[in-house]
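Two complexes, one shared chain (chain A), two partners (chain B, chain C).
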Partner chain A sequence: MATPVLRWCCPGRRWVFAGIGGVSRHGRGVPTGSTSSGKRGQSSVAQQPLITAQKPRKGEREWAAVVGLEIHAQIASNSKLFSGSQVDFAAPPNSLVSFFDASLPGTLPVLNRRCVEAAVMTGLALDCHINRRSLFDRKHYFYADLPAGYQITQQRLPIAVNGSLVYSVCVGKRRSQMVTKTAGVKQIQLEQDSGKSLHDSLRSQTLIDLNRAGVGLLEVVLEPDMSCGEEAAAAIRELQLILQALGTSQANMAEGQLRVDANISVHNPGEPLGVRTEVKNLNSARFLAKAIDYEIQRQINELENGGKILNETRSFDYKLGCTVPMRDKEGKQDYRFMPEPNLPPLLLYDSESLPTGTDPQQVINIDQLREQLPELPRVTREKLVQQYGMLPEHSFALLNEVGLLEFFQNVIKETRAEPKKVTSWVLNTFLGFLKQQNLAVSESPVTPSALAELDLLDRKAISSSAAKQVFQELWRSKGKTPAQIVAEKKLELMQDAEALEQLCRSTLEAHPQVVTDVKKGNPRAINKLIGLVRRATLGRADPTVIKEVLERQLSL
Partner chain B sequence: MWTRRVWLGLRASAGGRRGFPSKADPQGSRRVTAELIEHLERLALVDFGSQEAVARLEKAIAFANRLRAVDTDGVEPMESVLEDRCLYLRSDNVVEGNCAEELLQNSHHVVEEYFVAPPEKHMEITPFCLWTPPSKHH
Partner chain C sequence: MLGRTLQEVSEALKQGLVTPTELCQRCLSLIKKTKILNAYITVSEEVALKQAEESEKRYKKGHSLGDLDGIPVAVKDNFSTAGIETTCASNMLKGYVPPYNATVVQKLLDQGALLMGKTNLDEFAMGSGSTDGIFGPVKNPWSYSKQYREKRKQKSHGESEDSHWLITGGSSGGSAAAVSAFTCFAALGSDTGGSTRNPAAHCGVVGLKPSYGLVSRHGLIPLVNSMDVPGILTRCVDDAAIVLGILAGHDPKDSTTIQDPVKPFTLPSLTDMSKLCIGIPKEYLTPELSSEVQSLWSKAANLFESEGAKVIEVSLPHTSYSIVCYHVLCTSEVASNMARFDGLEYGHRCDTDVSTEAMYAATRREGFNDVVRGRILSGNFFLLKENYENYFVKAQKVRRLIAHDFVNVFNSGVDVLLTPTTLSEAVPHTEFIREDNRTRSAQDDLFTQAVNMAGLPAVSVPMALSSQGLPIGLQFIGRAFCDQQLLTVAKWFEKQVQFPVIQLQELMDDCSSIFENEKLASVSLK
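What follows is the complex of A and B.
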């Protein structure tokens, strides 16, 4: 796939069309501005994003991209949104289907309390206004996996509106700084999932499994506040962590529990927003950013070449690495929304408005749910930074891997080491090994206690390079303690000062040229000597001590 | 099927964009155009097979338009006759399902335990002949 040529990095990304082969086009005259037909909403002048300082060369235009997201998260509940059949990922086809899910005549929807609570909790976590009264509607379209011919959703008055999602992106040349960003949450609504269609190309027929039909979904609509694939991916990641912390959804993209559609448009800064396309089928965390960036660049290229952007729906082809128009969408879809006649308005209460003498099972108290909200990732990270003085990016890394935070906290409990040291052990060494062998924290052969013991040895009895060797051995052989390994491999620090002095002296004698470099004032030459001595001691001497001895011997 | 397409085409060329004037519509601005018929046929999977069906549609629209005679200024719309009912909340327990065999019996075409979807062009189309406008004398 041709990698798009981009000029600047996110955030506040300014996109520049650099022409074929990176040659900028001169003297071509400025193409007419982006088409204004069918632009989204009111034509508003887009806010100027942050700019990284680089002056555009003559003939190049600047572009800003606008990305909005629609996320569907499967609610973690035992039964479906409007029926009592089970919610399960893997089950024999059509075995988790009730008469209502199959849309047999005479069946009616009955709302699942747990799904409403999940929606309210998610709304509260995203700082939304919870509508005390919300409504259900029917969205009509024909498709084989939608037996009723309509989906029950909340189009007119959803359960939560006007919130915000705070997330962070890495910036800077070495991507070491974290910058906080916010994406507005337009609304959260409850809706039904559809069944699954499997295309049997051999017999050219479509097979339908309704196990998923009727499962509760939370649709979270994010405002077009993001400007590139990286920001979108970071926002999605944070939403995933929030949903998982709340327990409202497992939000696993690979299992289809979290699906994302993106609305993308480009425009010249200062001018009205451009025509947007909708990109569907972004169901892989890995390809999300790539797909969005591809579409942005495609639109820029199209406009730069004097073309137009169609207000269409596209799909991301993972094999080709590009977006393609979706075939059977002729003209705009007309969903003929109508109120769901079988469901009265959904009423929610707070402690003040709670009606007396009612069955508690039949009323939902928003204040009670708010009190019961678990700690959100953002708060957990802040606490880590406060308590252990770690860098924000480290707190992100700890929360980014399932079980890693718990592991870290267990090591802390068992050691008196400085938290910074533990952080380094866990995030660098431990996590490095996990990633290398593609293991989850739960599958780690090294336990928190072993790591705590190793750290203790590291400080007192062995050198850091020896510690790394021990770690490697711990990883490979289960059951052995760090102390055992140190004894076996004779990795204890050299206690014999005289032997060390001797080794240093012989190293100096063997490398007169390096000695001359050191005496000349080359600051890096001494490191070479230290390295040589370390090797000679088989990693059993502390580099700081070696340096001391060498410097003394060189009478520096 | 092609005869219907030809018929619609003839109608479109003959009547231009005028469509059929609606006698029952006093305002006379609501036309049922060929495009609208095609649009409705696609959306609702009904078949306006004949001029009679289109005439029936226009009568239906005219009938519904009589609602406009009522002055609703300042009146909150009622969205549901259930608006004063309580929306029952069910506990999150599994109480249904496990009836694949029963459900699959309803389908013409089944492969193992999957329903087989009809190919799109064979989707069931309902003839639009089920509604008759009410007579004026009730």
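What follows is the complex of A and C.
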């Protein structure tokens, strides 16, 4: 969520200082934050010299923020991008290092086919143009965890360009409405990951782990089409789901398989884009949103106070919740790019251009990969909405948790209950329990069939509150079926009509004041009576039945 | 025995006239006796003897691995050799023992070759004299030859003999000297701008630079990746063909090698000369070319013509830009390739531990000589964002023009180009070091270096001795991947010119027996 000083103007687009009531001197609320061309520094809207010449007075200007993202996703592959070393996040330090990874002189890169396929699939899923010919380049900088002194990347001609990422953000008072947005995908490039440096400041030592050195990365560059932390976080979440659906990356941010750098600038609508800063290494969606919102606010404050924004690299201090300039000079370095001479151009084919008589192991056919693309999250959600009449936000919620959709579908298979009811069970009760206990779907003590059975009971034999009780019991005592619990706890609905009549009667007798209220015509008074009766039945009677009996007894 | 060619000695081994161990021991003793040449940085005596023993067992069982089984070979010290120090003649890699073999080394070993040692070079192969390595310069065996000494005696008097030793050329001078002085039968060099052909010409041996992509570079410590090729130094063209047949072919570890399989081959004898068209590039007739080399060059052209070949003058118009273009591309790649030498994973590391950056700086300062540092500095300059377009990109364009020159010439019907390899014969060290490394490299690479830009095969074949009694070689340049055709022409030429054998008796007067042909008289040769 946004920092308190800020508030939303048109959905997620522009930032307006509190206290001016959203009145802009520039009038129309055309969002100028995003330029579709992706070129930075020049706005497509003509400048207004008179206004720009004036010194802004605090709180009088309207601000638009522009956010672009660079995402590094580790490719899910058994071996590294250019060597045969295994990839394993949890392996002991320096146990997965080939001669090439350690940059022993004379070793040469050999491109991993799986990584190329992952890049092509990701490109196709993001509607990119796949370059039939792409090139590798060396990007030079000295760093202890970069053994060769350069990273092999795709600077000049990346494998995929010009795509788009469609994502949704919540809007509205209750944040229950989903609005679809699009961020341009400038390019996707293949590159090597670096190793890891562990600084032991106590002994002033740096320890190097090269297990990660040379692991394949997909660098996805999103155009500056976003305007706040929430949008950025939503875009990243969607990308994450896409990568996971494709199987091209596990995209686990906590394990560093997905890392995000954000480029952020602010400007007055109608004026050229402002100077941007880069916030590096954001390792969770929440911090990403926080860092971006903080940085936007910082830049606005800075400019409002007559200051200047420096083109610099900043990092997010998650403890303090603010961004701070990075001390290293990485941002200002000249990387001295040059073509990687040891790798010939990467050529890709489609079914038409595929040269005859080639070894299929030696070529990659884009059309073939396109056919193998799995269903993308967007489509899955649309299907859920269509098939089950689900609310769009519920379809999002189902996909957002790993394994939840599968769980839902398994419950659906085993019950004839209303899908809406199942959705509610899964998203409210089940997910609520999971979150509360910080468990993954796979760790749940409640199986889909148990939930399905419970749902069945819910419709016939027990009240909804009793059902919740059964659920709690299911959670606690693994192995018991809902039927067993219902029997044990005597939770089945009261079938004895006479007993219920009796209970109702005694309740009416005990609460004459409420009865008077009912008779006076207070519509809510009857609910109080129903509640009292339910309590007396220990929640085992159906409120509609109670109501009927009460109304009859009161001869309403 | 040692004076023989690889092919001859291979035959002798097969006939049991000599055993691998005998051969190995003789070569080892010769290496010791010719220590003054400084051809070897590391002599892998134990390894070689062990390999010889294995080879001998195979011969006894009749399971020889082929032509190279039991043959002593040497490898330039910029090829990785598992378990054997690989220094690139640099402080940076002093003490570095690679954990793996270069593909070409592995292929030689797989064929049963005996690895005698690692040969001397210019630091990281940057030079044209084999004078700029930390282990000191390589001396040209011809400095001690009877042919040269006799000529010198006639001219100068009273000067100390040894102060006038000649350079081998470079940077594969150690390999050239090793083959020339009979300490091995074939040696690996590397060739980026002429580093195999140049010393081959100066040392009177055959120096082959195969087509780029024909032979794996995996394990060759790079100078310029886009131009480096493992080179082959032998005493005759047939031997070069044998070694090439073994080394050539796709290597999954080097993505720039050709996919098509390459089979070992033997060179046919050229019979119908009328179908051959020899091109003489007019741009190679430069004022710096010594008159002696020039006259041998035209003599060679005449030889082809008189035997029925078509000899025509051709033009390679962009030749003059080659050196400056090479300078930009070479230094840029050097700057990049040398970035890995930071003292962390392997190689030299300084004592400074103030900061990582200080450690890098001191390590690299101590590890590299001035030549290497100079190239790194220029290369980084050319790669700067502001210079990249003006230098690197332009140089690449010029490179394409140069390559195109060759394509045009070959498309016009020329089969092979005939050029000088070097401007003159080998010069004395004292004279050579009057100019700095950069100037020398620029001069000496003149005829050889455009070939690397174009990735073509080329071979230097010794033709005759100069008036000073020193070898002069000529270069043949072939079409890309037409290495066999090139070698076939070179073989014909070699047969015609009958280049004299080096007479090294004086250098090794106390091991004269080595040169006796005790058993060879009975060897029947094809």
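Definition applied: the second predicted complex is superposed on the first by the 504 of 556 C-alpha atoms of A that agree within 3 Å, B and C clash if a C-alpha of one lies under 4 Å from a C-alpha of the other, contacts with A are read in each partner's own complex, and residues count from 1 in each chain.
Everything below uses one rule, namely that a residue touches a chain if its C-beta (ideal position, glycine included) is under 8 Å from a C-beta of that chain, and two chains touch if they have at least 3 such contacts.
None of the values given here were measured: they were computed from a predicted structure.
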Contacts of A:96 with chain B and chain C, given as first, second, both or neither: first
Partner chain(s) touched by A:105 [first = chain B, second = chain C, both, neither]: second
Partner contacting more residues of chain A (chain B vs chain C): B
Partner chain in contact with A:364 - chain B first, chain C second, else both or neither: first
Which superposed partner A:150 touches (first chain B, second chain C, both, neither): second
Contacts of A:521 with chain B and chain C, given as first, second, both or neither: neither
Contacts of A:355 with chain B and chain C, given as first, second, both or neither: neither
Touched partner set for A:347, first chain B, second chain C, both or neither: first
Touching partner for A:206 - first (chain B), second (chain C), both, neither: both
First (chain B), second (chain C), both or neither touched by A:138: second
Shared chain A contacts, counted only where both chain B and chain C touch the same residue: 99, 102, 104, 110-111, 140, 142, 144, 206, 208, 334, 336, 341-344, 362
In the complex with chain A, residue positions of chain B that touch it: 39, 43, 45, 79-80, 82-100, 103-104, 106, 111-120, 123
Of all residues in chain A, those that touch chain B in their complex: 77-79, 83-86, 92-100, 102, 104, 110-116, 135, 140, 142, 144-145, 197-198, 200, 203, 205-210, 328, 334, 336, 339, 341-347, 361-362, 364
Contact set on chain A toward chain C in their complex: 99, 102-111, 138, 140, 142, 144, 147-150, 206, 208, 334, 336-338, 341-344, 362
Contact set on chain C toward chain A in their complex: 79-80, 88, 93, 98-100, 102, 217-222, 224-226, 252-256, 259, 332-333, 335-336, 338-342, 344-346, 356-357, 360, 380, 383-385, 388, 392
